[in-house]
Each structure stands twice: as structure tokens, then as C-alpha cells.
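Next come two complexes built around subunit A: one with subunit B, the other with subunit C.
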Partner chain A sequence: MAGSALRRLMAEYKQLTLNPPEGIIAGPINEENFFEWEALITGPEGTCFEGGVFPAKLIFPPDYPLSPPKMQFTCEMFHPNIYSDGRVCISILHAPGDDPMGYESSAERWSPVQSVEKILLSVVSMLAGCFEPIYYLNATEPNDESGANVDAAKMWRENREEFNKIAERLVRRTLGLPP
Partner chain B sequence: MPVVLLDRLPLPSLPAYTAVSVSLLACSLYYAVQNAHQLDLEHQPPLAEGQLDLATLCWVFGRRCSAILTFMIHEPFCIWPLVNMAYCVLVLLGKCIQSAVFGELRVSESNAIKDTFWNFVFYKFIFIFGVLSVQKLEEVVLWCSWFTLLGFLHHLAQLARERAEYLSLSVSPGRERWRHVRLLALLAAILLASGAMLLVCVAVGLLISLNTFAFMAAECILLTLRTLQTMLRYLLHLYDVAHSSNPVHHFFPNVKLQAAKGQARHKLNEKSGEEKNTDSSLRDNFAPDVTENTASSQKFSPRWWVRGGGASYYLELLFELAALLLDLLHHVHMLLWCNILLSMASLVICMQLRLLLHQLKARLARHRHRLRLQAYMKKHFPSATKEELKTLDDDCAICWERLYTARKLPCSHLFHSWCLQSWLEQDPSCPTCRITLSIGDSNPSSGAAGSTGVVGLLGNVLGGLVGSIRDHDTLLEPDQRDQPQQINNNAQVFHFDGSRYVSWLPSFSVEAAHSQLGGHTELNSSSQLHNMALQVQQMFPHYPLWVLVADLRLSHSAELTVENILEGRLLPPAPMFNPDMEETQPAPEPAQEPPSQYSGWLEENSTDATTDPLSPVTFSDEASERQRSLAKRREALVHQARRRYLQKSSNSNEASASCSHGGISSQSTPDASSSLSN
Partner chain C sequence: MTATSIKDLFDDARCPDGWKFVPLLVYFPFGAMLATIRLIISLQMLLAASAFQNVTIVKKFILRMMCNILGIIIREDFSELRFKTQASPILVANQSTPVDNLVLHTATGCTTVPNPEAPSALNWLLGAHDIKISQGFQQLTRILQECPSNQTSILLQPEGTTTNGRVGLLKFQEGYLEGVKKVQPVAIQIWRPPTATVSPCVIGTPWWMEVLWLLFVPCTVFCLRYLPAIVKSERETTDEFAKRVQGIIARRLDVEATNFTVGDKKELEKKLVIAPVRQQEQRLAQRNAELQRMVSQVREVLPYVPADVVRKDLMRTKSVDITISNILEGHISFVPVMPSSPVKSTADAEAAKPKEQSGGSSAAPSPATVGSSSSLITAASSFPKSAEERSMSFKERKTRLIENARRRYIEKHGLKEFGLSAS
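Then we have the complex of A and B:
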């Protein structure tokens, strides 16, 4: 039922416009299609992503609050929970039925009481370094499919300075500054 | 597969094709006129000069035309341009309809059309030559023309359906009324045409044979059914959306109050006991808004039948089942009609039959599941009383609309009946607190191997608990009731102590449980943590949320975190040059941050926020206005971030320059200012 999804998205859009969380802006790319949004997320202060403004695309299913949206960064990202094509892999975006890793408890999964705002705040805290430890654990195993970005997880763990340097470069790029 | 091949084929453009067809037709017409003229001359003596009047002229002209036509039909050299021209006209007609109703086709639409087109051609080819095994040329031509017409309507209907689905993704039903009217008119026209074709079928059935009638009618009725379904669904959607003529107005009758209400929404949702006094004061503030809201909701209550439920669902079900059944019968008929059972055609039909059977079964199973769920909900989840709704005074957490009727879960969370049902159909748990509901044992999909026993046991425990709760009145806190849920048999605890590495890194522990039932601990639920963090943040707005969440994960209580903050144990994660950080971690560049500069930076920030020209953000009713404001805010955000970043980097550069007495700062500042001006 696209009707109720539409109403809910409208309500969320309104709430995010009138009462936006710090450093986050989100809204439909084009109101012709209310099921595709763009979000801008400011990198949390005090982290290696500080200061960057990262654009991401959110695609909502027609039965929206029942199924989670998909989220994909449209800029280059380097993070253990973000695939190299920008797709974000956090448990709040996973429907209760599917558990690709077999690690998540259903308490952390998508539920219709979640919202765009909560997703984006989760992503902010993910950028702040609280990434889900599942991938962190898995990165020790030679299993390519376990983490979203195994290289990033490894570097985060073993070579933090290098990781910070890459993050700094990404931040400059999103701000349109020369590297 | 054929699509891939044909995509590479250089298909001629439409104007070229039209030109060629017209010229071919002209040539053959000329040829026919010449020949028919000669024939005519042989048969008839020329008329006398004086007898020319209008009637005879018409008569002669008519005769001449019919002669030409009969000649063209019998002459194979002329018939093909004629047929080609007919197709050309059809294509042009389709193009006209497309530009009038749909405008430019979207990529997905044109791809889907291509796909179904080649499928259609393939199946009809099999039908004509494999099933009917038509021998005579006339019959082939007749069947071809029949399927051409049918296919034309079929594809138009499909385009209309796709477009209707797309249009129902946008919010402005009123503004572009003409688009909807045109689409509906097209659907109605398709409906009429398919009705007319049905009449043709009946005529054929009466005159020729019942079998042919059955073959032809099945496809016609299928087309009619699908068109009708699209039309009704679309109308219902329009009604649903238009009833609240503007969704913005409907949900937020009072725009100014809404801004304030948004701030309180988190509190009002899932509020906890410790904040009751502030909550009540908040609610007092919003009393006018709330009353207005309830008034409007009562006005819209008859809308229930469009949504959750009844009518629209059963209408869809009826249409889907009818279409599937008819298709099934049609295919069985074809299979029986095939004389040779072991042929390519019968194989294809068997495959199709299997698919249809599977779809039918799945649809029926879904319906049964739904009915079971409905019965279960009626029996076990009581409707909330008026007083409960009044005291809660909140929106449904699923659709964010007013709760004027609700069902109550054992964990005392309230939802609209239809919202709850559509969620429970896919996951048997409370959306808010994730408590597993015992519907699981009637649901075959959740009875995963190995855990069924546990599910059943817990279901019983829960059932007993629900009973006792109902007996003892609802005095228990929901948290207490959850406790039997916290049986974790194989959980993994992972503890990440970030402060061991760097002071600003958070520390947290996460428990990951494999069992579907055991995973719920009271603080694992991110939404609860999140809510607590929001509450704390309202007291200490300068603490970012993630810091609070991280601390709450450790402290497990809002009060402890507040204490931590007050006693200085939890510091705001401040900028990289926080002196606190330098004590614990030797920074690569020991920048001695003068406190004056630090405070100056903060001041600058705060003035930024207050003098921001866009701070009084409004939410317009106009889509274009909204988009403009969104774009403006985006730009402002990026701009501000860039400025802040440059300021910070120049600050730190200056600091390091003053340490090393180098000329780095003089090098970096012009660079920074030049990119700022960009």
C-alpha cells in the first residue's frame, strides 16, 4: 500500500525538516518519487571523519515502514561497515527475516518503529567508530563475505594512522577541497 | 534471451518505417488502380457524357474502390504492403496514446514492455503453430490479427499499470489531476475495447466452435480482469490519498505547534517512568494540538476499509485468484488440445502450468496465514479502551497516525489493528520492544529446525504470563514482564574497550545471541538506548548522541550516565586539540592550544548557529517550495562544514607553525582562502 507509506514518509520528512538532528539533512531527491531520498551526514566530531559531509541515497520499499529502506553512500567511503560500492551494512537496516551473517539478534533489526532519523543517527555513531563488532570479529577469519569491507576493518585494527589518513582524504574530497 | 539478440538489431526509426510503409502502400495502390482500371474497362462500357450526376459518380467511385480492394487482397504483391500498413497504423496509434497519456517512458517501463512483448510473441507463436497447428493461410492471418489487437491492448494495459504504480509514489494527487484523469480514461478505453473483443468471441463461438471461443475468451477475460484490477486499485489509492486532500494538512493540522511537538515526540513515544513529570507538562503544552488532531481523526475514521483491510484486500485477493484460476484453466485446455503430448509446445505449457500452480498455492497459503493471524489477534490482543487511548494520547508507532482505535499487545504497546497485522504477517514480535509473540507456533516459517521445542515452551510460558497479567490487572511494568524472555542459551558477549586505545573512543559491550528468542535483553534494544540517550541529551545538549549511547551501553541507566556527566567522568568529545586528550595520548604534533583560541572557535560556532539566515525553517505545502528549501539547507550545510574545516585546519596549522617557526601557515592560508572563495 503505497498510500500509507507515502503518508509516513511525508510525516518523517516534515519532522526532519522542522526539527533536524545536528548535522543531518534528508529529503526526497525529487518529489515526483517520494521513495528515493538523499541524506547528508556530517562526520561526528572528534573522530577521523570529523567535518566531512557525506551524501547518501536512501531507497524505500513500497511497504515502507514494514520493510527497511536501503542506504548507499554516493561518495567514496572507507569503513568496515560500508561496502566498496557505498552500501551500508548495519543491523538496523536488516529485515528481521534475513540475517546474512547469522550473528545479529532480532532485537537490533529493523522494525516499523524505526525511522529515517534513527537510521541516520545510527550511521553517525557507526562512523564514530562504534561499528558492529560482528565484522570486527569476522575480519580475523579469511572469509571474504563476512564483513562489508574487510580491508577497512583490518586497517582500523592494525594501522589506525593509515586509516585516519584515508578518512582525512575522504573528508576533504566531500568538502570539495584539494587533497 | 531473444530480447538481448534483438536489442542489437538495428531497428529502423519510426519515421523511416512510416515513410517506407506509406510509399510501399502508394506503389501497390498505383499498381492496383492501374490493373483494376484495365479490368474495369474491359467489363464496362464508358458512361455517356450527359448522364453525370452525383449519385452515379458516387456509385462508380464506390464500385471502383471495391474493385481495387478485392484486387489488392487477391494479389499477393499487394496484400503485404496492406498488412504492413495496418501494423504501421497500429504502431503510430500506440505512439500517439503513449505521448498523450504517458509522455516520456521511463527506462524501467520501456524495458518491461520490451520483455513482455517478446514473451507475448513467443507464447502466441507456440499457441498458433504448436497448439492449434493451424494449416491454412487464412486462419493464420485471422489468428495473427486477433493476437495483434489483443497484444496491443495487453501492452497498453501493462504500461498503464506500471504508470499507475509509479504515480502512486508521488504525493500530489490534486496538482496534476489531468495525469490521473488521462490514465483512468485510457484504462476505461482498454476496458471497453476488451469488452468489444469479448463480443467478437461470443459471435465466433456461436458461429464456429466452442473450443475456439474458449481460447479466445480466456485471454479477453484475463485482460479485462487485469485492467479492472489496476483501475480499482488506482481509484482506491487516489481516494485514500485525496481523502486527506493534502497529507501534510491532515497529519499536522497545526504547523507551528508541530515543530514543538516533534521535539517531544521521542519523549512521548515509549516514555519511561522516571520522566513522568516533564512528560505531563509537555502534554499540557500540546493539548490544543492534540484535541484538534483527535477531532480530525474521528472525521476520517471510516477510511479504515480502504486501508488495513477489509474491502481493498479482498478485492485484490478476488482478482488475483480469478486471474490465476482462469489462466490455469486456459493452460490445461491448451494442454488437452495438443494432440501430441510429447512436444515442445506441451513442455512449455507444462512449465507454465507448474508456475501458475505454485503461485496459486502461495497466494492461498498467504491468505490462510492472514486469516489465522486475524483470528489470533481478535482472541488474544484485546482492543484498547477509550481511557487507555486517552491516557496514552499518542500516534501509532508504525504509521505515525493518530491512534483512535488500537489493539493492545501483551507488552501493553498499542498499535492500529491493521498496522499490527501487516507487521505480524512478516514477523511475530512487538515492533517496539521486540518481545516475541507466541503466534510463532502457528506460523510454519518461524518454526525453524531445532528451536521448535523452545518456541513452544516459551509460547506456553508467555501464554501463561499473559493470562496472569490479565488477572492481576495491569500494574506490572513492561520491563518486568519481559524478563522470562531473557533466557539466553548461546549468546556471545563482545566487549570493546575503546578508551584503552584512545580516550575519545567509546567503550561498549554487545551481546549477540543466535537464538531468535534469547536475543532480547532490556538494553540491547537499540531503540530503548536511543531513547534514553535522547532524554539525557535534552539535559546536556552539547554531548553528541553517540557518546551518550556508548556510555549508556555501559551504565545501563540514564541516571548513572547523568551522574557520570555531572561528576566529569564523561566529557564531551571535543575537538582534536582537547588538552585532556593530550595527557593520555602523545599526539604526533604537540600543539599547545591556547585556551583563548579554543573558546574563540566555540564562540564563532555559536554565533554561526544563531545568525544562520535559515534557522526559522518552515515546511511548506508546495512541493517546489519544499525542494528549494531543502536544496538551500543542503548548500548551507556543506558551506558551513567547509568553512569550519578550513578554519580548524588553519588554526592547527598556525599552532604548529608557531611551534616550528616555519612558513607552513603562510603557504596554507592563501590556499584555504582561495578554495573558500570558490
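Then we have the complex of A and C:
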């Protein structure tokens, strides 16, 4: 099992090295452990996260690509789909059976045809404001299940200006610039 | 008896191995031709013989001729008999080939019990038609009792099947000698010239194959040795009598009288002939399963590659790794499969993309673009073979991405005035 996971990861690493999407870079932190990757994601242009280079960690299961990897930002993040500890919660990181957030309506789930590249692209669009699922943002009373970061969701909805300010601060921090 | 195994009674290969095989190879074209000609002539002869079924002298002459054409040479040895006549109308012989009954019929004019292994037409031609085995041995006994009056004799081969004639005799089957008081034992020995030493009895071959081989060899000498008559004593049971006859014939042939039966031969046939076929099938199935396993292994890694494409390459490479790299390096062309999972079609196209891109042009992004000050393109020009180089390239590209993004940000927001360096 681990053998085929390794082969697949190597193939994806090669792919991402030679043909990465713009502003994205990913690979194993140390090749002695191919199941732990680091990724840098540039905030998409025209969004509050524009210009920031956000580092994240990807942990792959031994039965990858049957099971999805886990992704966690290693920098401070403020986003409805990202827990305060950096864990990313989007549908592509969940297998169809596994449904912690009640994403039933979401189309894009993890399957072996997905890839690291597609996860990273999904995260880019997530940063661009395509929050998912959308419905919880309109929920009148946020509960535990309404998002990874309820405060962020609430602020996004009620105080966009403040949200953008926080995002700007985070962008600068990732670039080593003073706020 | 304990030392002899059932396997020794039969040959498992038709031809000798080693240097003895060479003359046979040379002889083969002649043998094949001979067999064809003999087959055609003998069929006609048999028909002719059947027409003269009741004219003994003509039939005997035709059969003699036919035997000569077939390469059957009959030698009769009466030396152990006081008179050159059979002591009993009931001939009991061992069985060496499927044509024993033809040979003895030719030599003595005896009729036979139908050979259960041969087709009924052949049995009929040999005059065996008047005794139906299905009617049981009571009828045989009755006919045998009538034998002296109609001056014919009958051949019994109580072994029931052939052996190679070198090691042992099979146990005489019960019933054959039921009610028989006196028998004329005949020991049949066959000899074939050394140019074509093919075995007369190979396990698992049908009777007609044996006949074809008989036609193939230049000649087969049948030596019929008539032994002194054996009379059943009054105290003896049929079984004991059969055993005694078997023992006497076996001793004369210088072979062992074994306790193995026709059933044992059938079992052995199953083991030697049917089992290997099954084993081969099993091996084939196993290989298929192994291939299937490898196919699914490759497809776990590359699910968008069709299974038949993977299978074809695997049959060539026999290695999961080689096939994966063949596919990734674009040596194999294929149409990506669309999975049935709930993924949007655009996503599928993206999934298929790696294959097209990983071809020769994969290193396309030129270093110039990579190096440009505000570029966020992170592509490397190559994917090094060693882990160390890859790791270095990865670190370098990470640093460059951050630097470039930083420079870009500073330029965009005009942060120079804060005195920050872009390096």
C-alpha cells in the first residue's frame, strides 16, 4: 500500500516541480518522509489575501491516494474554512463517505483522481472568497458546525472591512513585512 | 510386489530420451508415411476380412497379409507344449497392445471378448460380436461350454487393459475365469526394432493412438508363447485359479504378478494426465490474478489510465514501477478515462493533464521566466534524479517565490519609503 502511495506521491511531486500552477509550490519537506509535504500558496490577485505567500503542511495517509491528505496552514490564518490552528476544512479533503461538515451538496470530494495540485487550487479559490459551504454564512445563528472559524465567517458577513484588514496584516506577516 | 509401484507398469513417455531419440527423429518422416499407407490399406483389408467372416481359410489368409502389411510379425512358440495344438479352447493371455486380439485371431482363429476400449466396429470385425459383455459372463460361460463342438477357441485377456509388458501383470479381473475348468495360457511378448523404440503402452493415450504408433514403427514382433495347459483343481476358488494363471504367465514373461487392477490404472491416468492440465490452468489463473493485482496497483497511482493500456504495458514490463514511469514519461499514448465519481468534467480534464504534460516538453518553462523579478512561476527546469538535488531545488524555489512575492508586494504598495530592502 505504502509502495503505491510513494509512487503516486513521487509522480505528483515531479508533476508539481515541472508544471506547477503559478504562485504555488509543493514538495516533501524531507524526502526521507515522503508523506509530509510543505506547500506555499500565493494569495490570489484581487482578493484580500493578494500577494501573501502562505505556508502549509500536507500530511498524507499511508493509503494515499485512496484517502485524502490533511492540510494545515503553518502561518496564522483568518478564514471561515480554516480552523484557528491552521487546519483546512474544504470538501476536496474529505472522502464522499466522510462528512463532518454536512457538505452533502458539495460536488468536489476526495477521490484518487484528485491530486495535490487540485487541492492547492481549491485552497486558492477558497482564499479568493469561494467559501464552502455557502449556506452557513447565511445562517442566522452560527453553531459549532457552521464553519471552521465562526468568528471569521461572522466577520466576513458583517464587517468585511475589518476582515480585509486582518487579511492584509496576515499577508504582510507572511512576507516578513511590518503591518 | 511391495517394491513395484503402479507407475512402473506403464510408460509415461512414448519416446526414449537421450541419444536413442536421434534415430527416431531420422526415421520420423518414413514412419509417418508408412503409417498413412498402412492405415489406408489396412482399412480395406479389414473390410475384406469382414466379408469373409465365415470362410476361415480366406479370412485367415487376408488377416495374415494384413498383419504383414501392418508390420505385425507373429511368432508362435509351441516348444512347451507336448503337441503343437492348443490344450484348451480357452486362451488366457496378458495384454500388451490394443491389437492383441487381432494378432491371436490371426494366429489361432480364436474369437475374443469385445475390448471395452475399442470401438464396436473393430470388435465386430475381429469376430467378437457374438459375445456381448453386457449380457454378463454367464453367456460367456455358456458359449465356452459349447466351444469344443464348434471348434473355435476364445481369447480372454483378464487384465482388462494394457501394460508396458516389462514390469508386471495387472491382477486378473474376477469373472473372466468364472466356471472355466481348463485354460491354455499364452504369454505375449512384443519387440520393436531399436531404430524406433517407442513404447507400446503409454499411460493416458487412447487405444487408437496406440494403433497409429503401431502403424508408425517399421515392425512389431509378437511372440506368442503357448504354455502348458492349466487345470483348475477342485479345491481352488475362481479367484485362486485366476491368481495361479496370472502367476504362471508372469513368470514366463519374467515379470511380476501384481495386485493392481484396471481401476488403479484409471486413477493413475487421472493423476498423470488430467492433474497436470489442471495444474497448468491453475498456474495460468494465478498469473492472471498477479497481473490483475499489478494493474490495480498501477491504477491506484494513475486512475485516469485505462486498465487495458496498463495491462498491455505490464505484460511487456512485468513491473509496476517501470509501467508507471513509462506512463508518466509519456511513452504510452492513451485516452484518459472519465471516472464515475462525482467530479466535474473540468476536474477530469485536469486529472488527465499530467500525462500530456509530462512528455518531452515538460521542462518547457525557461529559466529566464523563472528568474524574472516579479514572476510567481515556480517551475523547475528539470526533475533531478537524486533526492538531494530535488530537495535543494525545492528549497531554492521556495525562497525565490517568497522573495519575488515580497518584491512584488513592495513594488505594488510602494513600501520603498519605509526603507525596506527587497532582497
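By definition in this document, the second predicted complex is superposed on the first by the 166 of 179 C-alpha atoms of A that agree within 3 Å, B and C clash if a C-alpha of one lies under 4 Å from a C-alpha of the other, contacts with A are read in each partner's own complex, and residues count from 1 in each chain.
The definition used in the following text is that a residue touches a chain if its C-beta (ideal position, glycine included) is under 8 Å from a C-beta of that chain, and two chains touch if they have at least 3 such contacts.
All figures in this text were calculated on a predicted structure; none of them were measured in a lab.
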Given the alignment on subunit A, is it a clash or a fit between subunit B and subunit C?
clash
For A:L66, select first, second, both or neither according to whether it touches subunit B, subunit C, the two together, or no partner.
both
Which partner chains sit in contact with A:I25 here, subunit B, subunit C, both or neither? Use first/second/both/neither.
both
Identify the partner contact of A:K118: answer first if only subunit B is touched, second if only subunit C is, both if each is, neither if none is.
both
Once the structures are superposed on A, label A:A128 by its partner contacts, choosing first (subunit B), second (subunit C), both or neither.
first
Output check: A:R169 vs subunit B and subunit C. Expected answer is one of first, second, both, neither. What do you get?
neither
Of the stretches 330-338, 402-410, 564-572 or 582-590 belonging to subunit B, the one that collides with subunit C
402-410
The intersection of the subunit A residues contacting subunit B with those contacting subunit C is 3-4, 7-8, 11, 13-15, 17-20, 22-23, 25, 27-28, 30-31, 40, 42, 51-53, 65-66, 96, 107-108, 111-114, 118, 171-172, 175-178
Under the definition above, what is the set of subunit A residues touching subunit B in their complex?
1-4, 6-8, 10-15, 17-23, 25, 27-28, 30-35, 40, 42, 44-47, 50-53, 62-63, 65-66, 92, 95-97, 102-108, 111-114, 118, 121-122, 124-125, 128-130, 132-134, 136-137, 160, 171-172, 175-178
Can you check the complex and tell me which residues of subunit B touch subunit A?
165-166, 168-172, 237, 240-241, 244, 247-248, 250-252, 258-259, 262-263, 265, 269, 306-307, 312, 397-401, 419, 422-423, 426-427, 429, 431-432, 434, 436, 494, 496, 498, 501, 504-506, 508, 510-514, 516, 518-521, 524-527, 530, 544-546, 549-550, 573-576, 578, 617-619, 623, 626-627, 629-630, 633-634, 637-638, 641-642, 644-646, 648, 671, 675, 678
In their shared complex, at which residues does subunit C touch subunit A?
297, 300-304, 320-321, 324, 328, 339, 341-344, 347-348, 350-351, 354, 357-358, 362-363, 365, 376-380, 382-383, 387, 390-391, 393-394, 397-398, 401-402, 405-406, 408-410, 412, 415, 418, 420
Hey, which residues of subunit A end up touching subunit C in the complex?
3-4, 7-8, 11, 13-15, 17-20, 22-25, 27-28, 30-31, 38, 40, 42, 51-53, 65-66, 96, 107-109, 111-115, 117-118, 171-172, 174-178
